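Chain naming follows the written order as A, B and C, and within any one chain the residues start at number 1.
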Amino acid sequence: MSVKTVREALNEALFEEMARDSRVIVMGCDNGVKGNPFGVTLGLAKEFGFDRVIDTPISEPAFTGMGVGAAATGLRPVVEIMFCDWVTLAMDQIVNMAAKMRYMFGGKVDMPLVVRVPIGAGGGQAAQHSQSLEAWFNHVPGLKVVAPYTPADCKGLLKAAIRDNNPVIFLENKRTYAVKGEVPDEPDYVVEIGRAALARQGTDITLVTYSSMVRTCLQAAEKLAEEGVSCEVVDLRTLLPLDYDTVIASVARTGRVVVVHEAAKRGGMGSDIVAELNERAFDLLDAPPLRVGALNIPIPYNAALEDAVLPGVQDVLDAVRKSLSNE
Amino acid sequence: MPKYLILPKIGMNMEEAVISEWLVQPGDRVEKEQMVVRAETDKAVQDLFATESGIVRKLLVKPGDVVPCQQRIAVLTEEGEDCDPDGGEEPSAAPPPAAEKPAAAASIAPAPAAREKGRIRISPLARKMARELGIAPEALTPAQPGKRIVKADVLRFRQRPAAAGEAGVFVPLSRRRQVIAKRMAASAGEKPRVTLSATVDCGELIGWRERLKQERKVTYNELLVKACACALGRYPEMNCVSEPGGHRVMPSVNIGVAVDTPEGLLVPVLKETQRKGVHQLAEEFAQLVEKARNGSLTLDEMTGGTFSISNLGMLGVERFDPIINAPECLILGVGCMKEIPVVVDHQVCIRTCMQLSLAFDHTAFDGAAAARLLAEIKRMLECPVLMLS
Amino acid sequence: MDKKTCEEIKAIIPCYTPMEALPEGLSLDDCKQMFFDICQIREFELKVKDLWRANKIRGLCHAYYYGEAIAVGACHALAEGDYITSTHRGHGHALARGASPARMFAELFGKVEGYNNGKGGSMHIADVESGILGATGIVGSGIAPAAGAALSAKLLKNGRVSLSFFGDGAVNQGPFSETMNMAAAWDLPMVFLCEYNQWAIGTDYWRVTKEHDVYKRAEGFGMPGVQVDGFNVFAVYQAVREAVERARAGQGPTLVEARYMRMQGHHVGDDQSYRSPEDIQRIQVLYQAEPLVRTRTFLEEAGTPAAELDGIQERARSVIQAAVEYADTQCREPSLDTLYQDIYADGEIIM
């Protein structure tokens, strides 16, 4: 075990996979020379050459489409859309081509494509640089969606995503690049896509969450423990396919659940998860499942306003207490 | 100035009464000592008297109310006076949190299940659990009013005493039984009780009863009463009732005889048994039994005893340890007559005998005194002619 | 063809060039093969129109008739293993690349034996094994993937070339420009082939674009652009062959504009009510310029007996006939069990 930041873990994953398989290429703005603004691709071009670490112009629709074509013809591209907000430009290639080509074309087309889309609001990045659009991808059959939090999970799941023969949307969080954690030293640490993990065990209520909100939920759980409330925190790690077995097993233990995500509450992942729990686990529920998410407002610039819009520890506490109140 | 009627305390042990019906109404003029209200005490239904005179303006209690003694029950004024329409500041009779109330949860009126427009607010999990346990959701209550019924509430319900259908039918204590329970517990707890027993040869007694029966109906109960009365006549210092700090020796031997009624145990008291003949006792006793059975014994008929007899012989009981009927200090338990082998003149022969158990309050007497009394009772019963002396 | 007709044609298709001689690298037999391919496509599409009208084919069908010269000319210039990306009007591309009409009809009838297992339909016909990276219903969305194929060919050094078919409608899509830029910047081995039929459903190109010549855009991105007569299979063949050679030699992409005219509706059910009667009258002359007629004429003039040419056309007809019969009578409906198959790789099913 070594302690690493998320950034280091992601960088390592890319290094390892590119060394392991010469078909893996990386493309995106500033991915080569600069190592991308967040440092995730730092050093790759030097190691593997600019043929495989491609600095693209600002042409998201086209270079994502190129990733699609390359994936269909023998390469394993890792395409980066610098901010999740701009994935809107690449949606056609992701939704209408990458997600569907295999199915439309008789199962004959391979699409081992990874699209990295950094999410994460806060710090005054404002409305067009702060969004988490995983709910959109959840809605597209043919995609897989992964959203790890811990450095170990970031490394393991990026490696898994690159090895997966399906198009994978990889949600890394730009606000947690500096989070430190223990990462196994083993030479080939891969985390299986589709498996959630228990970040904290508890008995009174289940918090289902992912990405930066894992940290928020753990903080809330500490606070609640002082009041004698025992929270179980489920870190989903993969959003599609979502590990309902783990979630439902937890709800069976606690009878209560709150889904927490940074993305806006309306139409977010929480809506889908709560609906599924309603269908699959109704008789386990001792209280209505609740959701915590950002307010339905474009993320404002001003610090206090931004703070008011984004969900925090207090919102989680409020939701837990509401659930336990039986009102 | 308005005056108030209060609920009078008419028995030594009376603490409260349940109003049965008013005998007067607002507007009536009542005189002090006039019977104005009928109420049930722990002994019987009684008419209670007015403690003031005046014109009834407002009744402060209503049938069914449990009213403590000395509490205001009506407002009276003189002619021409105005009356405060709200009457006195006494609250309308709210049942005091009496110690008599049993701890059993069933008698605590449950808060109605939280309802919204006729629907019960209950979580899916709780509903499922209730269904599996055979509990109707309507029987459940939330931890606090207005909250949703959840799993914890189902578990809480489950831990209550067995409800109908699970382990028998729950029978809450009636008022009568509450009193009995209280008395028995107090007696058993407070009086250091010792029981002495003796076997009585009933040969002569049987013959005497046969002879008396030819005149008029007589049961063994009257003969037992007479025997005890005579015995207490010899030891008059034992004819007493407990009082705090000591006991009071009474002039009259008033013997209560336990009677089984549908409502439970009642002990009507035969007064001045020392000077009444067996036939008179038989007559009186028959009347008391009749009244006991239809619930019309008066307070006087149920109090004032100095000695009690409990005869379970007709039910086949051979011997038992009765609990003293406080505030008395003695009780005689009587078993059944049966043929047993006895030794007479070094020979075994068959005699009809019965067992007596005399329980006494060791606060009042010692064993020797009680033994002497028992021996005297036995002597009377074995040789009834001695009752003439 | 007389001079007057020629001029009328040129008035509509300025780059019209007569088919005078066999292009370099093509034999007469090759030409006959081209003729057969053109006839096959023609028969196929005419059949599709009939079947669609008879309600035997669902959804939308965009027929390729009269555009055959482009698909046939271009595909003859490609080698085995080269990639193409197609459009919603993709039957011609697939057939020209060697796809089986029988399996294509099976797909159009929604049968399991179709190229797409019945799940794609007309707009997504994809014979992936022939290097066809599918047809897409989103205008212009095949262009960037074609560049991706070229990228992989370059990285894997397998000498393959990628050719993207697209229409004049796609030219105004952003990704088209972006892709040209990147392909030129990195000398990707690909050919941009614009099938310029002047109509994007109901909008003629000139109404919404100032510069009518598409090939000129290439210069802006630093790559060569050429314009050819889209009704002329030889012209297309020549231009594409040169472009492919350049690409394969590592000299980067070329933009080939093959201009022709959409003679019929946008799709087989389109009544073209947006086209004025005058315009429809005006283009009637182009039926003399269309590829089947001209290629046949060239072969006749080159000495091929009419009977042989008839025979070729007849063969095409019977192939199509057999294909339809096969699809109609010997193919199966996909079972509902196959609903979830092939969404994900390796047989994975995520519900």
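Heads up, the rule we're going with is that a residue touches a chain if its C-beta (ideal position, glycine included) is under 8 Å from a C-beta of that chain, and two chains touch if they have at least 3 such contacts.
All of these numbers come straight from a predicted model, not from anything done at the bench.
S.K.: Give me the two chains with the most inter-chain contact pairs.
M.R.: Top-ranked chain pair by contact count is A-C.
S.K.: Compute per-chain Cα centres, compare each with the mean of all protein Cα atoms, and return the closest chain.
M.R.: A
S.K.: On a CA-centroid basis, which chain has its centre farthest from subunit A's?
M.R.: Chain B.
S.K.: At what distance in angstrom does the C-alpha mean of subunit B lie from that of subunit A?
M.R.: 77
S.K.: How many angstrom lie between the centres of subunit A and subunit C, each centre taken as the mean Cα position?
M.R.: Centre separation, subunit A to subunit C: 41 Å.
S.K.: Averaging over Cα atoms per chain, report the distance between subunit B and subunit C in Å.
M.R.: That pair's centroid distance is 109 Å.
S.K.: For subunit C, give me the residues that contact two or more of the other chains.
M.R.: Residues: none.
S.K.: Show me the residue ranges of subunit A that touch subunit C in the complex, using the header's touch definition.
M.R.: Its residues touching subunit C are 23, 25, 51-52, 56-57, 59, 61-75, 77, 92-93, 96-97, 101-112, 141-142, 144, 164-166, 240-241.
S.K.: Okay, in this complex, where on subunit A does subunit B touch?
M.R.: For subunit A paired with subunit B, touching residues are 255, 282-287, 325-327.
S.K.: Mind pulling up the subunit B residues that touch subunit A in the complex?
M.R.: 123-128, 142-143, 146-148, 150-151
S.K.: Can you name the residues of subunit C that touch subunit A in the complex?
M.R.: 83, 85, 114-117, 119-120, 124, 126, 128-129, 133-134, 136-138, 141, 143-156, 162, 174-175, 178-179, 181-182, 185, 341-346, 348, 350
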